[in-house]
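One structure coming up, written as structure tokens, with questions to follow.
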């Protein structure tokens, strides 16, 4: 079977694994108060050129999103998100379970725009409504698209005008920052977002995410909140070790670039065969539209997921590449269509 | 000023007030464990022809909705509601504050239909999503419409097919059950809904709602939940006294019928003057579409609220009648347009 | 039956009831945005000599406690309370249901002291523990005692030293401020507490409490939180009307003084008959220790509640007087012992 | 420095690490739906002789406790725990953050007894109080003690009499089941507890715990709840791989036995030097009482934590051994006292 189902089905990138092996019998203090976490946090502060940022390490993405958002909000505050956002659909109501409404915004392509924010705010005029307080973005998005720097700056401007915070889910940040057409860099992030996370799980780590809090007003007592929501690992050192390895010699971005390269190869091949896409391919998630018969055939030989877009004769599917995808697999796939 | 702004701006209907006055110096046990509450609960059980129903009295509508829904659900359960539903908009995220997502369903007219439920369920297939567990209806709706018996039975069927519960918000049940074209009666409710509330605040009471739990599986420990959410009044007797008075000699339905009659007079008059409605008038909330100039003029002499429907030349407004609206006021309004 | 069971078993004091009757057919805007609430809030600000205080009206005590505390806290914050505090025992976990731990402090007599606070803080040193953030006091306490001004100032000092807020539950504030030995006045409260409530339900109102927020940092968006927790009444005017009547011509304090006077008569009589108390009588809740046989006899003729203090031969009971208790009843009771 | 500070400061036991290395590049489905997790779950079902048990894998202990308890309870339910229980102190109010009160029970030695349960229940008589619904035990306890089989059966009996569930935190289950005097086995657990977890983090795993749900009524939709609380790992396979390795050839129990052996060596040595213990040593956490001067000296050469027991001349400290502690370290420590 060719595997194009997701980007979290291998273990760790070998260099990350090596770092875990090497440090396995080193004693370290618990709960991310160890030299590995301290060093990795420093590396991140340098990478993003923001010496005052607070960096926390958590085991997973849903955990990170729910912990951060709940930490930043008062009980009547809501989160504005594209209705395809991970927190809207794939987190089993984790945000609501912390007490907060999400204002789901229907979008054309999974990207939030300033006018979407305005439209939510018009309908939230007084204390009979929740008070939108933060916007949630993912970059790259669940639809495989990226935000260009200008787009993020426009969103930032809208946030500033309306007293909103901005939180960016970077589960696939490695792919977002390395794809063709991207003009955003690590250093831009703390200038735009109040907080964001650098995703490890889908970008080469065995597991783990690095939450970066830039806005001073959101920093207080973050460790209490992480502990309370179950995200402060006893062996936090595991996360420090992994991020140190991932960020060394740009490995993180190289792995994102590799996933994107494989996706581009795949998309170019699909297009060359005359097929189209329901969303223009940009990163490692692509959405070709195939005849229904072909989709049925592919299921025999390829692992992939569906996508809710169907016509009478065709249906869209989701293909995902990762740091571990090999060119050989892409070529093999292309022979099947 | 003519008052057509809402149906909760007077105190109690005089007969309800009299009952409160009469019983004011009678000693009664606390927390709805008194003869007044017991008698009122019995009256309700007779009225709805459901001797096994549990009846609880709470001070307000948001309180009742949030308490009941949170009591019926496990943490991963969600509520399906038309996106105009009171719980979606006007309760400051009270449901989410108890930990539950609401699946907002866009509808044409504020009424939920079986196909709306199906559409939500398609996208909630496994444990990565919340699990829809209950549907929320209001009758009459926030758009002034009623559900006919057949419509409710169709929804019930959809619920049964999908293992869903049904909860009905009866803030304006008096109006729903007495308007032209209605074929639903008190006795039908326990056969259709798992739980519902008979609204007092907007239907003649000084304040208070009667929550009726029909489904045996939802009854356990309801008083704990009501107390925990702050809805178990020390002087619960106040609620029993009021409902006894409201339900005596059909006063409750008479008050609803009066509000509807005033609204019909108003709607007929407006239509006679050549104006149209953005939602067909059915109960005590009506939504005429007026030229913008006229709306501006009306603001000087009438208290009313806007409605989010605007064209280049016209805008819709919301007019509300109540048990206290006088024919004189309607006539006066009609002279203004 | 002589009624000495609680102080919330009558309706409203006649003057409060009259005010409700008089204003019953006056139209008023909803949700406490009406002239009655505005005037009552002003009266309270004058009474407490604190022109900048925010005043909100809520229907009940549990509602007020849970709404206020949840509004003031971040998710990892806890509340320090004497373990006999109303929020610890008699609110069905309402505070915890909003996500916050209460640090229960065992005390000798139901009163919190600075050393109790210190003791809690010693064990809450870092992010593995909740962070105590506010102390909860009731005055008078559930044990019928009052805090003297000096005691409250000492607690305030402890709060200031440790970055803690102070919240005072005034369910029985009328009794606290009018009993023999009290040296605290309304005007002292905003100088000592960050927020408190003036209880209506047990002090002459039909129902309702007035939440006063003194600390500017706790004021923001309070109405959102009150609405979200179900405490913003559609007919908020009912609360404004009642507090206006209660505060006119010192009625509120007179009613508290009456309850205390009746309790003193009762306590003096009991003592004169040679019985003792498990807590020294101070306000309208008193706790005599009677022979078990006598308690059994009293049950036939008096309504009262037990108290968890039992010896081999004796048991304590709780006797409560109210604004409605008559001297005749006290005398009758005394003939029984 | 000699390390006797805790049992989670190394990485994984070499055999567990080897299993992670070996399977690192094997593709596996996400979210614990993979062959490793399926096999490990089967192993556990065999180990505990309970073919119908549900087994779920989560990344950490606080996560597991809060997810399981919140999944099992309705909003008004509380948890009874010894006040030294991990959930009472060291989880930053995680349980309360899910909405549930913990009834803290003071105990002599950190072990809960049937009479402690009775005492809580006496004070929780009606809907004004939370409803205790589950007891929380840890075995071994935070005080290093174990429950004997008879003790657990007595607690079970108390639970059955009062309609309570039993949940057992097995963070240190490997130590509990292998220490001198223990008569409990894996196979006894599902006969006694409704749910429990087999701790990995402190017993040889890199990280991770296995939650076992025995009671059929608690099984429904557990995966939804785990996902919602952030505990369903994308690469759940990591947990399956580790538990498979840990449970192979009894490694799990061997590691527990080793930690206990090292602790016994340490305790015997300390006692031989004439020192006493504030809690009798039983597993890998021991609490010697040393002169204050000695404690100060030890701090220079040994990493350990304090314990809140101090006399004028002496203070207690906590010493912890683990699967990685070497005999050499124990001997070295003993030369220091």
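By letter and in written order, the chains are A, B, C and D; residue numbering begins at 1 in each of them.
Please note the rule applied: a contact is a pair of C-beta atoms (placed from the backbone, for glycine too) under 8 Å apart; a residue touches a chain by one contact, two chains touch by 3 or more.
These numbers were taken from a predicted model, which means no experiment stands behind them.
Repeated interface: B-C and one of C-D, B-D or A-D share more than half of their contact pairs by residue number, and that pair is A-D. Between the interfaces A-D and A-B, more contacting C-beta pairs are found at A-D. Chain A and chain B have CA centres that are 42 Å apart.
Once the centre of each chain is set as its mean CA position, chain A and chain C turn out to be 50 Å apart.
Distance between chain centres (mean CA atoms), chain A to chain D: 33 Å.
Multi-chain contact residues of chain A (touching two or more other chains): 75-76, 91-93, 97-99, 127-128, 130, 224, 227-228, 232.
Those residues of chain D lying in contact with chain C across their complex are 75-76, 78, 89-93, 96-102, 104, 123, 127-130, 308.
Chain contact summary for the complex, chain B toward chain C: residues 3, 6, 8-12, 14, 17, 20-21, 23-30, 59-63, 66-67, 91-94, 97, 201-202, 206-207, 224, 227-235, 237-238, 324.
Touching chain A in their complex are the following residues of chain C: 31, 70-71, 74-76, 98-99, 127-128, 130-131, 221, 223-228, 232.
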